[in-house]
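Next, two complexes with subunit A in common: one pairs it with subunit B, the other with subunit C.
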Partner chain A sequence: MKKQKKKNEFLYFTLRNRKLQIGLSIILFFLGLAIFAPVLARNEPFAYVNLRGAQPPSSEYWFGTTFFGQDVFAQFVLGLRATFLVGAIGGGLGTLIGVLVGFTAGYRGGIVDELLNMLTNIVLVIPTLAVLLIIAAYLEVRSIFTECIFIGLTAWPWAARAIRAQTFSLRTRDFVDLAKMSGMKPLKIIFTEIAPNMMSYLVMTFILQFGGAILNAATLDFIGLGPTNAVSLGLMMQYAVLWGSLLLGHWWWFIPPGAAITAIVGALYVMNVGLDEVFNPKLREM
Partner chain B sequence: MQRYFSRKLIIYALTFFLAVTIDWMIPRFMPGDPIRNMLTRVSVSSNPSAIQMMYDYYTHLFGLDLPLWQQYLNFWNSLLHGDIGISTYLFPTPVTDVLWRAVPYDIFLLVPAILLSWYAGNKFGAFAARSKWLDNTISPLGYILTATPYMWLGILLAWFFGIVWGIFPIAGAYSFNMQPHLSWAFIGSIFHHWFLPFASLFLVGFGGWAIGMRNMIIYELEADYSHYLEALGAPRKLIRQYAFRNGILPQITGLALQLGVIVAGALVTEVVFSYPGIGYLLLAAIQNQDYFLIQGCFLFIIIGVLLSNFIIDIVYVLVDPRTRRGMTGESA
Partner chain C sequence: MLKLEEISKVYRVGAFGGKELHAVSNVSFNVKDGEVVSLIGESGSGKSTIGKMILRLISTTSGNIIFNDANISTLSGGNLKEYYRNVQGVFQDPFSSYNPIFKADRVFRLIREEFYPGTPDREWDAKIEDALCAVGLNPEHVLNKFPHQLSGGQLQRFLIARALLLNIKFLVADEIISMLDASTRIDVLNLLAELKSRGLSILFITHDLSLAHYISEQAVILYRGCVTEMGATDHIFDNPVHPYTRMLMASVPRLDKKWEHGVVDLKEKHAAVTGCCAFYDRCPIADKSLGCDKFQPMLTEAEPDHFVACYRHVER
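Take a look at the complex of A and B:
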């Protein structure tokens, strides 16, 4: 009974929160575009469809065409898929490793904690992109999937650190002691006693990892280390700059991809704050 | 304090060690044969014996014909002698020389951008917190700015101010018809070319810091000490001052954590503006398959980030009295 009421309360604040509404609708809009990309795109992303080369948006080519006469809209919606994929897989993997390391370090304490903390701090200092770039530079063929994996493998440290701190403070609470005394296994304690109490935290970590992975992928793509066999928003910007769209004034080529990334990542951040307000009543603006 | 610094130094030493190891490992353990790739891509000659000779030369140059442990020691040895190979793209300049030429531009671009955006962002964020009107304007702007990919903001600025309005140049570090020399015209040209890359780095950073500080202040104003002060009847300004001083500490730690992201941002910004720092060099190295140069850029970036982290640590000790008194204010 009580639990039911609590759920409703969360739902009530979730649906009423303006920040969440705005953020979620932006994400859903772009997600819709990405999901229906094959239907919406009327041309192959790299096919040279417009023989007259670059042309501004028209009813035939909604976002215009590139220097080579490729359909920008087709590239855009298919690129969105790559963006969401990188966010979900890269961000998901980053969160997962962060959670595993954070829980283990925070719950076990002692020498395990010392070692994991040391590792976290070391990886934390190394600039993620520098590592990604040196790996990507040596890879012959790069797919979106490998990009996701590498981004996830390098993005976890701050999540691990934050989750460790939270676990650390929860570990000494009475209800955890009680669970320990009743002979529960550590793994079960972590998942049934500790994790539910920081669920909000984990959700927010995932959201931030999602956004971070998208930005990282865009950076990698832009310096020419993106997927070699796919289209992505970062690659679109790279081609646009390489083929002089700035000087030639082909604004329809470089504005949509960047605007979409900004909108998606911005919406994620805003959602994050909205969630924070839902979970933390002190922050609600009355 | 000693404990704090010794812990930090151990972390940095290990990080450097790990970074160098990665730098050594990747070319050797990645699938594929970088030397073969390099030769086929450059396709110097179709003569098989010439290719074999080049292949042997490069294998020897990398030292790939030695046992692994020996290769690893040699790598460290030459590294400590300041030798990280010869650039194939700017043959025969040593990689270190190429990099030293680029570093001043990076410092000139990054240091002001980081410090000013951090300062201005914190001030504005603190200002905006809990004042309805400002919060409603600055916060959305901050979120948009901090979500903007660096290169896109760079592209937009270059397009608006460089092409559409034509008031700022969009390529190079100084005018192409000038030689570096000491004159007002040249210095003016340097600043003229510096402004747009600086502005795009500044703006993205500004958004993030403003948001961070705003949230920090809101947390602090809800803390017990703030409520207590309020109950004592302290002026609002004083309470906010305390909140700011408490909020600034995580922001300093945040700066250390953000450094990698900012450096990455600087790399792509330099690419957009053809600004001759390490980022621009890196793009050229990637496009020309210049592996020594790529590895050199990696090492320089790591060293730069480590040094800056160390400076931030010192600042932290100066700002937070708890670290000085041996209490672990900030866990290492």
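Take a look at the complex of A and C:
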């Protein structure tokens, strides 16, 4: 009964927060586009449907057509799917590893901390691009999933370092001692005493990892190391630049993917600020 | 009830742990049933370290802590939980003892989750009400609030109420009234005295001699991790033997004296010394011919129930 009440209170502040409302609606809008992409796209993304080549947006082709007469809107909505997939899996994996390593190192301390710190530093200095070139040489067909895993496995170190530092300072607080004296086990202390205190930070980590993964994927796609069997917003921009849309003024080809990436990452940041207000009772407007 | 046998805590500091820092050295004392023992010392004397070692929040480097015939360093799992059912602590800073993002009464809920999982709601609410009344709080005023909405004195009493829920036998009170203002201070102090009359043993950690004198029967005076003087509070306060204790007594501000009358000559404090009496570099009566510069003196009996660690005293 008590728990129910608490959850409702949390939900109340979440739904009332203006920044969260704005950020969430932008994300949900793009997420909706991505989810209903197969219904919304009236053409195959790479099919040559418009014989007149590059055309500006019209009622037939909402975002116009590419140099080859492909439907930009179809590519865009299907590319959004890849973007959200990379953000969720790549960012999620990066956050998960960062959280596990950070909490363990920070809470246990001592030799465990030093070993994990060493691992973190090693991964931190690995040159991502060079490794990816080698991997790309071995894998003839790269899928979006491979890209996600790779981004997740290389993006976690800074998150782990930051979480470790936070845990380190929180575990010496008196309320952790009090929890120990209440007979709580270390794992429970980490998740019910320490983690809630840095919840906005953890969410921010996920949001930054989410956004970072999207940007990373766009970079990899843009330099030609992206998936070979899919469409994504980064690939769209790569093709647009390759086929001279900047010179020819085909703005409808590269602006939608670029604007979408910016809007999604920006909305995530705004949400983060809003969440901080929800999690920290002192910041709430009572 | 609680017995400390030669406990020490050594921290390794510096690059590669090359240096040793002796936070607590060979401290032994007992706390009997229903007794209040004061642990007196200045900042950095190791008094809080001893409290945390008793609460098993810090491990001991050597020595044993015996609670009701059980060595607490070997406790784990269910036995450790049982230990915490008997022994609890309250810390100096009431604000940092609460997780700032949860309501203050969460400390009660944790106790319920861990120690009384099957208790029905009504029985539990009645128990909380009793505990809060016992510490002089009005449940209506303090329940369902965030820590920053309560005062320091309320929070501190809240924590004592939390300890009471467990029917504890022993309380480690680590500077619990240093952060409170004078009017709340006496309330909490009287609360402790009342708990003591109900049979609770208390280790009262403080730097304030008058508080120690007010509440405790036994006192232990600590300097740089070593016991300098211990015994019945009356004996120590009526007849301080160790030069450090005398200096402490002289430095207590008194209502009937201005500062000009009680000037204390403090020698400059040097870096940590090892291999001599802990008080050697500040001691006004140190004498090399007695070995003050070579060894830490052992505790010797000055009178019944009054021990002191000073070579000058042995000589006398």
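As a working rule, the second predicted complex is superposed on the first by the 236 of 286 C-alpha atoms of A that agree within 3 Å, B and C clash if a C-alpha of one lies under 4 Å from a C-alpha of the other, contacts with A are read in each partner's own complex, and residues count from 1 in each chain.
Keep in mind that, in the parts below, contacts are C-beta pairs under 8 Å (C-beta built on N, C-alpha and C of every residue); 3 or more make two chains touch, one makes a residue touch a chain.
Just so it is clear, the structure is predicted and the values come from calculations on it, not from any experiment.
**Student:** Looking at subunit A, does subunit C or subunit B touch more of its residues?
**Tutor:** Looking at subunit B versus subunit C, the one contacting more residues of subunit A is B.
**Student:** Given the touch rule stated above, what does A:129 touch, subunit B (first), subunit C (second), both, or neither?
**Tutor:** first
**Student:** After lining up the shared chain so the two structures overlap, which partner does A:193 touch, if you call subunit B first and subunit C second: first, second, both or neither?
**Tutor:** In the superposition, A:193 touches subunit C alone.
**Student:** Classify the contacts of A:140 with the two partner chains as first (subunit B alone), second (subunit C alone), both, or neither.
**Tutor:** So A:140 only meets subunit B here.
**Student:** Which holds for A:115: it touches subunit B only (first), subunit C only (second), both, or neither?
**Tutor:** A:115: touches no partner chain.
**Student:** Should A:269 be classified as contacting the first partner (subunit B), the second (subunit C), both, or neither?
**Tutor:** In the superposed model, A:269 contacts subunit B only, not subunit C.
**Student:** Considering only touches as defined above, state whether A:279 meets subunit B (first), subunit C (second), both or neither.
**Tutor:** In the superposed model, A:279 contacts subunit C only, not subunit B.
**Student:** First (subunit B), second (subunit C), both or neither: which does A:178 touch?
**Tutor:** In the superposition, A:178 contacts subunit C only.
**Student:** For A:15 in the superposed arrangement: first (subunit B), second (subunit C), both or neither?
**Tutor:** neither
**Student:** Once the two structures are superposed, pull the subunit A residues common to the subunit B and subunit C interfaces.
**Tutor:** 282
**Student:** Taking the touch rule as given, give the residues of subunit A at its contact with subunit B in the complex, in rising order.
**Tutor:** It is residues 118, 121-122, 124-131, 133-135, 137-140, 158, 211, 215-216, 218-219, 222-225, 234, 237, 240-241, 246-247, 249, 251, 254-255, 257-259, 261-266, 268-270, 273, 282-283 of subunit A that touch subunit B.
**Student:** State the interface residues of subunit B toward subunit A in the complex, per the touch definition above.
**Tutor:** Per the stated touch rule, the residues are 11-12, 14-15, 18-19, 22-23, 26-27, 30-32, 34, 37, 143-144, 146-153, 155-156, 158-159, 162-163, 170, 211, 215, 218, 222, 257, 259-261, 263-265, 267-268, 271-272, 279, 282-283, 286-287, 291, 294-295, 297-298, 301-302, 305-306, 309, 332.
**Student:** In the complex of these two chains, what residues of subunit A are touching subunit C?
**Tutor:** Against subunit C, subunit A makes touches at 1-2, 173-175, 177-184, 193, 196-197, 199, 279-282.
**Student:** For the complex, which residues does subunit C have touching subunit A?
**Tutor:** Interface residues on subunit C, with respect to subunit A: 52, 55-57, 80-81, 84, 88-89, 91, 93, 96-102, 107, 109-111, 114-115, 121, 146, 148, 159.
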